[in-house]
Amino acid sequence: MPVAEIVFWLVAAFTIISASFVVLNNQLLYSAIALLFSLFGVAGLYIFLWADFIAGIQLIVYIGGINVLIIFGIMLTNKISSVRLSQTNVQQGVGAVIALWLMILISLVISKTPWLQIESSEPSETVSVIGTLLLSKYLLPFEAISLLLLGALIGAALLSREAT
Amino acid sequence: MDYNILSWLIWLPIIGVAAIAFIPRDKVDLIKIVSAIATGLQFLLTLVLWNNFDSSIGSIQFEEKYEWIPSFNIEYYLGVDGLSIPMVILTGLLFFIGVFVSWNTKKAVKGYFALFLLLNTGVMGVFLSLDFFLFYIFWEVMLLPMYFLIGMWGGPQREYAAIKFFLYTLFGSVLMLIGVLGLYFTCGKTFNIIELTQVAPEALSGILWWGISAIKVIWVLIFIGFAIKVPVFPFHTWLPLAHVEAPTAISVLLAGILLKLGVYGILRVNYGLMPDGVYWFSYALALLGLVNVVWGGLCALAQTDLKKLVAYSSVNHMGYSLIGMAAVVAAGESHGLNMKAAQAGLGGAVFQMFNHGTISAMLFILVGVIYERAHHRDIEGFGGLASQMPVYTGITAIAFFAGLGLPGLSGFISEAMCFIGAFPVYRWIVIASTIGILLNAAYFLWAFQRVFFGKLNEKYSNLPEINRLELFTVVPLLIITLFFGIYPAPYIDLIASTMDTIINHVVSLGSYASM
Amino acid sequence: MFIDYSLYILFLPLLAFVIQIFFGKKLPRQGDWVSILAIVSSLVLAVIMFASMISGYDPNFKQEASFTWIDMGEFKIRLGFLVDNLTIIMLLVVTLISTCTHLFSTEYLKGDIRYSRYFAYLGLFTFSMNGIVLANNLISMYMFWELVGVSSYLLIGHWFEKKSAADASKKAFLTNRVGDIGFFIGIMLIYNAIGSFAFGDIFNGVASEMITGTTLTLAGVGLFMGAMGKSSQFPLHIWLPDAMEGPTPVSALMHAATMVAAGVYLAVRIFPILTPDALLVVAYVGGFTALFAASIAITQRDIKKVLAYSTVSQLGYMILAVGTGVYTAAFFHLLTHAMFKANLFYGSGSVIHSMHHALHEKHDHDTDPQDMMNMGGFRKKMPITHWSMFLSTLAIAGVPFFSGFLSKDAILAGTLSFAQHHPQHFLLPVFGFGAALITAFYMFRMMFLTFYGKSQMPELIDDIHESPKIMTGPLVLLGGLSFFIWYTLPYFNFMSSHGWFTDLVVPKDSSVPGNPSADYISKGAHHAHHLAMYLSIAVAFIGIFLSWTFYIKKSLSAEAWSKRLRLLYRWSQNKYYFDENYNKYLYQPTLRLAKKVAWVDWELYDKYFINGFGRLTNLASRVAGKFDYDGIDQVLVDGTAKIANFLGSLLKTVQTGKLQNYVLYVTCGLIILMIIQTF
Amino acid sequence: MDQLNNYLYISAILFSLGTFAVMTRRNGIAVLMGVELILNAANINFVAFSRFGGMNMDGHIFSLFVIVLAAAEAAVALAIVINIYNNLHTINVDDAALLKE
């Protein structure tokens, strides 16, 4: 087994374990931190998938932005006396059964489907291609999504404003 | 034809809604101006449409046809013919006027005008769409804004009125939907109305459902859906309530356009798709017309609320339309190929739709004017206003006289045509319904006397005269009423060839025997 | 030329109406001169037309013009104008009386608050009346017919502050509408059979038996119902006396001379299509109305009411003439009656005007200025009014040398001849001569009470003055026109109506196959002429003599006789209680019915039936809910606690309305779908 | 690491975990974290298909959009959570069951 392979499995395990920690842990702040690791793991997976740019974005936006935002959110909505902010769960039994079923089923589907697999070589660089695509083929969605982002920004600002 | 004028007609108000969405809610005037521009442009477009419309052709013009949901054979299919074009013009006009009627709305102006324009899109869409699915969607699109407009900006009983209107109409449209689906599955899975007009008469004949002819079942289902809008006698009770509670502009639109959707729908769908059903049902239709005329007239006579009186007069007036529509069978062989009567009847019915649209709109605006000043509509509570508000009195007099079918004003011609057309076929029904002529005169004149004649009620000795804005909303309708009363030819020319198409279609494909 | 002129005559008053409505108040003198200018121009044109008719002297003169108004392919309505001798004479009458009314009103309504509006309505009326006269088809006639009704409505209600005036105007319109229903049904019957509205086509159609028998009779009676409404024939006579609430010049123009004569004009126009049965109906309605209305006029105290009932009676005469076939005599009487009755109304207007002023001087606002019991001895004070009215009274009473004698004589001769041929209808001449007797009586009663004897209110007599020249002008003119000579030129025989009129208005054969020919009828009338003449002179003088004995010589006491015939007197004075009975058995029940229907509609049908559906649905949902709780939940709890617990908790979670539950369900659904899809 | 299936399995596990979180967590922010996991799972699929399925760069673009959407969603969702907290003093989503009415 080549080193790369081992690293891949390690990253995958790391991602999944942190993700399950996110889900199963009862302390909110710990969950958030676990999410951070999980996102790291995903970024690693991206690199295995020859998507270095996406991996970078993942690091910057998810970890640098969203995760921090979440941690802020936790802190803003709780009286912080310790890091052990516990929280409770509902319908855990049913939820677990269903989630498990879901996983099994999806896995079944994955294994049963004859996936098309085209061998291709690693692109030399992705950034410029993505850039060109964004400004040519995907110009309209790009503009739309920027509008959406703007809207969300304003909306979020409006929503969290103190009611006057 | 290349400019997709019909799509523009439908979607222009939506552009208005989008524009209004970006205007802050306190910029009230800007909102009104934007709505005025949107509806005004739409009205101009309807006039352009009229100008380019070829009235010598009795078939669909300005067609626009795109695939929409191909897997169900649903199309985005628009078109206009002599039956719908007067209604399209009327819609353009009344919505434009409606903006000015509601100019003094104080409450939640932004929401009001957004809903108003949405309603506009719905109505326009119903008149223009030739695909059943599209038609049904617009039909429902119309319903919601109406619900909110009555329920939020209406009078004291507005919630009750709104929910009643909503449930009544929803009940109708559910029945209609069942009927439409029945048609869809029996006639080759298409929603295209024009195609169905060709296919349905044959495809439906001979099919029995639970021992009853499918034509009868579908006819009744769809008829009830439209009859509620007309409103035909047993389904009319939503109307007085909704009219009374709705704000003035909405009453104007309800009476002026929404009621016409019923008649339009019957002529477009029931007459087009089920000519046999026309023969089967026409006697009942004339009878319902008679009941509408007499019942509406008597109810109007007893009212003490001016707006309710006008509302019941709508029931009465639409009765004439029904009687005229039933006359189509006169052109059939069983009635001696009396094409004259059929043309008079159907032409009268379609003319009556338009005339009632202008006249009742005028009446509701005028009632709104007095309500805004006196804050009540009790007929007994006025008296002697003629000396206080002479201009208002004069205009109301003309509107009332138009309502009671005075020659020289448009209502007379259409009523007379309905009667003349139906007479050869339904002699006794027509003779009985001429009593309506008297009832019309009685309730309008009696109300007129109580409100305007006699000594001036001291309470109203400084009631202001009708103002310029209000005049601006009424006078165009007044001029139309007068113009068509004296010279109806433009209207008749516009519809004549389409009326022939409908009559020939019904007569050539339908008969008494095949039921 | 004739069509052009008649169009000008038609539209000039309409132009005046439009100008007056929009600018009347801003114009100097409130624009009355605009209206007068228009009507005088119309009059001049009418006179020119009349002159060229006389110079042409062609009894068959006829010009027609029409245009397509509505064209739907097969269904067409053509409107048009018809000018013949009848039309020209009628136009002259309408414009002449209308001109007089315009002039008279400038003084009579001086200072009225709606002065310009009044003149506007006069213009509208003249327009629509001329429209009726000129119509060559039933549809345009019907249209102008209704427009005349509207102008009458507006003018009767001119002083709408008075409740009685407002009531009267509404009553007039509605009563006319009852007749119009018949009119319209008649139109539909005829159109259905013949397929045209034009008179010419209709006459041809009837002649070629496209419509026959009962249908034709019904159509004729239907059309005649319109005439009954407009000409105020029994039982639709109730509106005309009330219409006297309008200004007196209006009464003279519309409710005496022209508008009410429109019914007769219609009857004359459609005479060719009336079947014998229809004609009988017409004759009996007319004859009965003539006598019936005259009997009411005897006891009225209000000077205008007397004249109103006299008008109803005289219109009955004309209708009677149509019914007995001498329809040109009816039209002749229409012509003479228009002149002398308009004059009588102007005279009464003049009297009322001066009474009004006298009372005003005395600050007396309670005394009725129209009550003849307050008058008397005005002869010296108002000589012009008196003499002019006197001439017209002689005319209406049927005294030789006056116009009424000729026309009445023609009618009575026709009636008599009809009864001679059909002895079973002997009642018709009885109606006719009876009415003539009573007419002479009550007309002189009116004259004597107003102008002769002692003044009943001596304190007023000093303030009674002759009216100004603009009012007496029409009086003199129309008084002069009461002489027979104007109607018999170029001949000079006071005993015979032979003259330009009888030369130019020649009866034509009825279109109905089997009806007696015009020649046959006129021969019969000629034959009965002498007997009728002697009889009518006799009854006229008996009537005048009786009146003289009652009110001048007073050898017979009116009071004593009224006591002796108390029942009849009271009936007559109360107009046979028609208004009361109509009110009790017609209006009130209708209103009650309307109220009932509205109640059923709103309180019963809507509230219980329609809303019942709502309640039913509500109930159903509640029952379902109860079943859900009681039936399922409780029973299971009572049964097996364990399952109940499990199900209960499950159900509870289902019904939370929490978002997460829904996510759960959605996922469940997804899983099920996937299972189905995969296996 | 050169097998498409591996990535898909990982993504499936992540997705199930995310769903589980969304279904069970009472805390709004925890639910949000679950949603983030789901989005990541989807993203992995996009990129994986992009590499193995011949989608070229389109998958990358899509995942980019998803990330942006996630950012927007997170911002708005957190704003809502804070708003709810301000109003109801709880962020437990089942306490805020206004949908029930």
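Lettered A, B, C and D in written order, each chain numbered from 1.
In this text, a residue touches a chain if its C-beta (ideal position, glycine included) is under 8 Å from a C-beta of that chain, and two chains touch if they have at least 3 such contacts.
Here the structure is a predicted model, which means the values were calculated and not measured.
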Exercise. Identify the chain whose mean C-alpha position lies nearest to the mean of all protein C-alpha atoms shown.
Key: B
Self-check item: Which of A-D and C-D has more C-beta contact pairs
Solution: A-D
Practice problem: Please compute the C-alpha centroid of chain B, do the same for chain D, then give the distance between them in whole Å. | Solution: 51
Quiz item: So what's the Cα centroid distance for chain C and chain D, whole Å?
Solution: 85
Quiz prompt | Geometric centre distance via CA averages, chain D-chain A, whole Å | solution = 7
Quiz item: Hey, how far is the Cα centre of chain B from the one of chain C, in Å?
Solution: 35
Quiz item: Multi-chain contacts in chain D: which residues touch at least two other chains?
Solution: 19, 23-25, 94
Self-check item: Numbers and ranges of chain A residues touching at least 2 other chains
Solution: 90-91, 94-95, 98-99, 102, 106
Quiz item: Chain pairs in touch?
Solution: A-C, A-D, B-C, C-D
Quiz item: What residues on chain A touch chain D, complex-wise?
Solution: 4-5, 8, 12, 15-16, 19-20, 22-23, 28, 31-32, 35, 38-39, 42, 45-46, 48-51, 53-54, 57-58, 61-62, 65-66, 69-70, 72-74, 76-77, 87-92, 94-96, 98-100, 102-103, 106-107, 110-111, 115-118, 120, 126, 129-130, 133-134, 138, 141, 145, 148-149, 152-153, 155-157, 159-160, 162-163
Practice problem: Mind listing the chain D positions that touch chain A in their complex? | Solution: 1, 4-10, 12-21, 23-27, 29-30, 32-34, 36-37, 40, 43-44, 47-48, 50-54, 57-58, 60-61, 63-65, 67-76, 78-83, 85-86, 91, 94
Quiz item: Across the complex, what residues on chain A touch chain C?
Solution: 90-91, 94-95, 98-99, 101-102, 105-106, 108-109, 112
Practice problem: State the interface residues of chain C toward chain B in the complex, per the touch definition above. | Solution: 21, 68-75, 113, 139, 142-147, 150, 153, 157, 160-161, 163, 165-167, 169-170, 173-174, 177-178, 180-181, 184-185, 187-189, 191-192, 195, 590-591, 593-595, 597-599, 601-602, 605-606, 610, 614
Quiz item: In their complex, what parts of chain B are in touch with chain C?
Solution: 164, 167-168, 234, 237, 240-241, 295, 298-299, 301-303, 339-341, 343-344, 347, 384, 386-387, 394, 401, 406-408, 412-413, 416-417, 419-421, 423-424, 430-431, 434-435, 437-438, 441-442, 445-446, 449, 452-456, 487-489, 492-493, 496, 499-500
